[in-house]
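Just passing along the structure, written as structure tokens.
Think of it as A, B and C in the order they're written, each chain with its own count starting at 1.
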Amino acid sequence: MPVSTSPQGAPIWQRRTTRAQWLQFVAWLLGLSLFLLCWKAISDNTMWVFVEDAGRQGSDLISRMMPPRWEYANVLWKPMWDTLNIATLGTVLGIIMAFPVAFLAARNTTPHPLVRSLALTIIVSSRSINSLIWAMLLVTILGPGVLAGIIAIALRSIGFVGKLLYEAIEEIHPTPVEAISATGASRLQVMNYGVLPQVMPAFAGISVYRWDINIRESTVLGLVGAGGIGLQLNASINSLAWNQVSVIFVMIFATVLVSEWVSARVRHAII
Amino acid sequence: MLTLTDVGKRYPTGDRALTDIQLTLPKGQVMALIGPSGAGKSTLIRCVNRLVEPTQGSIRLEDIELTKLSGNRLRHARRSMGMIFQEYALVDRLTVMENVLSGQLGYVGFWRSFLRRYPQDAVAEAFRLLERVGLPHAIDKRADALSGGQRQRVGIARALLQSPKLLLVDEPTASLDPKTSRQIMRLIRELCAERELAAIINIHDVALARQFADRIVGLRAGEIVFDGQPSELTSEILTTIYGEEDWDTTPEPADDEETDEQEKEREAHRYQSGRDLRRLASLADGGVR
Amino acid sequence: MSSTDSLARQQAARKGYWRRLPLIDNPRVRWGLVLGAMVYLVLALASVEVNWARVAEGAGRALNFLGAFLQPDFVSRQSDILAGLLESLTMTLTSTVIGVLLAIPVGLGAARNISPLPVYAVCRSIIAVSRTFQEIIIAILFVVMFGFGPFAGMLTLAFATIGFMAKLLAEDIEDLDWRQVEAVRATGASWWQTMNHAIQPQVMPRLIGLSMYRLDINFRESSVIGIVGAGGIGATLNTSLSRYEYGTSAAILLIIIAIVLMSEYASSYVRRWTQ
């Protein structure tokens, strides 16, 4: 009760009771000490001489990047095309796989609770593991190349699309679904007529959104050998060709801006 | 034609919604089911087509025992029971024609329905029904572009496209204005006569029930407390069904306002609890197939 | 659709002929899109070079890897895993705290309705840069500047956090309920008091929720920036993969999944608690 009574009998208004205030205080204290502890652990593992040197290193880096070697851009068209393909094909593959998983994971469409847990496990595993890690795995398995990148993007997308889609499925209106079941429709028909039309806009929006994210992610997959412009980035960094690196950065920046614009436009059109 | 024997329903939450219901509905009879909110009217209707699983008793449609069916047999049985909902329960993002054609889902295979390749006579029949309910021009409109009364007409056409023997109607007029309510009730009544359909109609408006039903059944706290002709429905009986109230002296216009008020209240109540409960119910009973 | 079309469709439907309306009205646009998509697919697929011999060779490895998931090896590299994990967790926590704290001023500056144009422009460009470049690219630059180790990693994650949080915060502020703000201002409150009483309560619950979400993202990211030397479990994972020690890799991945799961539960709990 935030209102208590003073000894004189006048009500005193407080934002929280003293007990809650204490708890809050202790929570802040604990949080702060945890933060300091972590900070200490990091600073123990840091060579502070390098950090002190950072300003000089930074300006040095910039000066070496600075006139970008624009003619290098000509080498980048093919890797950029690959990057685009990794993102797009990966997204397509990912949503194809995510679609059934989401239906199995949604409470109101799953055939069995056990199936649901399995689908949720797939979603969590896919979401927890960064696409770069997926790419590292796939490069050791499939060898370096665009294919590893596509599959990495697809595997990472399953979790993202699956999670958002199954949440959308759980939020549909139940009455149209009931009405369709009441006509004697089969399970699949109920999905097709009762559920699908209701989640279609969400599904399209989620897919485009993920495509936009995948464009960004596919720009770096090359760092672990999974194709795309990241390969050139890696090569340029390894050969300390920083004036090429800056060209690549500009390319990435432009591509991401365009993809963001496209995705926003498409999502706007859908909704 | 439809026979309920000792039907009972207890929800997993412990609510006892129906107890020992005995009911026989002959062919072609239009029966109104009245009773206060929470009496179990919707539950009764939903037990018949197994959107809700009855926990005891037997329900027979002609000579099929409905409570024992599952899978394909249940699908087949459901085809012969058309259901009409209060909130119309159309699929908003499908067109009117698609909504009506979904009444055929029990008859066509998955791929046909997926590709919307319905048999020619089904399409023709769907169009005839749309003409009958007065909406032939709306075939390509999306369902969410229609008014409440128009939606209910589409819902009726969908139910009739199942070629049902029985109509289960759950508060068809609760979201409609008084005039449209009358038109919808008249339409249902006429269609039942044309096709010799039996119907169970849940309805809150006693005047409408009196006017359009052959028989009235009163439900209170899950039990049948009245079963007879509309003319037999006296003030005393209304009191047993609904509780104490001055039934005769309520002036007409005030009556309208009051139902409006009640309606709003019910609407709010439904909005809060109904959806979640219903979702729970369909989950618990495996009603969503 | 014109009314003659509509009438024609009604006539056809009366005779039993009815087809679903196409998604796109104009047949030229429709077929053009289909054709364009086909051409793109063919071109894109054709440019994917697959070395089938290498893939076949890898199939065995894939099986080994799946097998490793059934028998993850937590012990043989235990100390490496533990050290990497601890580093990841410390980086995650510090970077989230620092990032969120810095994101607040940037977010305020990037809200068009409360900040002057030059500040707005600067803050928006910080956000744009931070959001465009993947953490790993930033990590490369920071490693060059600050040396190997968790400090560079922490800065990377903090920088990424700024972009993420500030953008969402700015959007929140931009569609704030101004009547409440006006009401507080009308009592003669100062700028700080307005912030504290009108803006903070409206933005705070979501800010906490988003911070929890970002904590989760930062942990996941901290598992990869180690690849370029910015500390954390990523380095251990990378080493184990390149040595084909799949048991250890599987163990690390399982740990990551478990922690993400736990943090998801924790954050849903915290969100409920703060609302």
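As a working rule, a contact is a pair of C-beta atoms (placed from the backbone, for glycine too) under 8 Å apart; a residue touches a chain by one contact, two chains touch by 3 or more.
All values derive from a computational prediction rather than experimental measurement.
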Pick the pair with more C-beta contacts: A-C or B-C?
-> A-C
Most remote chain, CA-based centroid, reference being chain A = B
Whole-Å gap separating chain A and chain B, where each centre is the average of the chain's CA atoms | 46
CA centroid of chain A to CA centroid of chain C, Å = 3
Quick one: report the Å distance separating chain B from chain C, using the average Cα coordinate of each chain.
-> 47
Hey, what residues on chain B touch two or more of the other chains?
-> 98
Residues of chain A that touch at least two other chains are none
Chain A-touching residues of chain C, taken from the complex the two chains share = 40, 44-45, 47-51, 54-55, 57-59, 61-62, 65, 86-87, 89-91, 93-94, 97, 128-129, 132-134, 136-137, 140-141, 144-147, 149-151, 154, 220-221, 223-224, 227-228, 231, 234, 237-238, 241-242, 244, 249, 253, 256-257, 260-261, 264
For chain C, which residues count as touching chain B in their complex?
-> 1, 6, 9-10, 13-21
Residue ranges of chain A touching chain C (in the complex, touch as defined) = 34-35, 37-39, 41-43, 45-47, 50-51, 54, 57-58, 61, 81-82, 85, 88-89, 124-125, 127-130, 132-133, 136-137, 140-143, 145-147, 150, 216-217, 219-220, 223-224, 233, 237, 249, 252-253, 256-257
Residue numbers on chain B that touch chain A, as the complex places them = 49, 51, 74-79, 81-83, 85, 87, 89-94, 98, 102-107, 110, 113-114, 155, 158, 162, 168, 275, 278-279, 282-283, 287-289
Within their complex, state which residues of chain A touch chain B.
-> 107-109, 173-190, 192-194, 197-198, 200-201
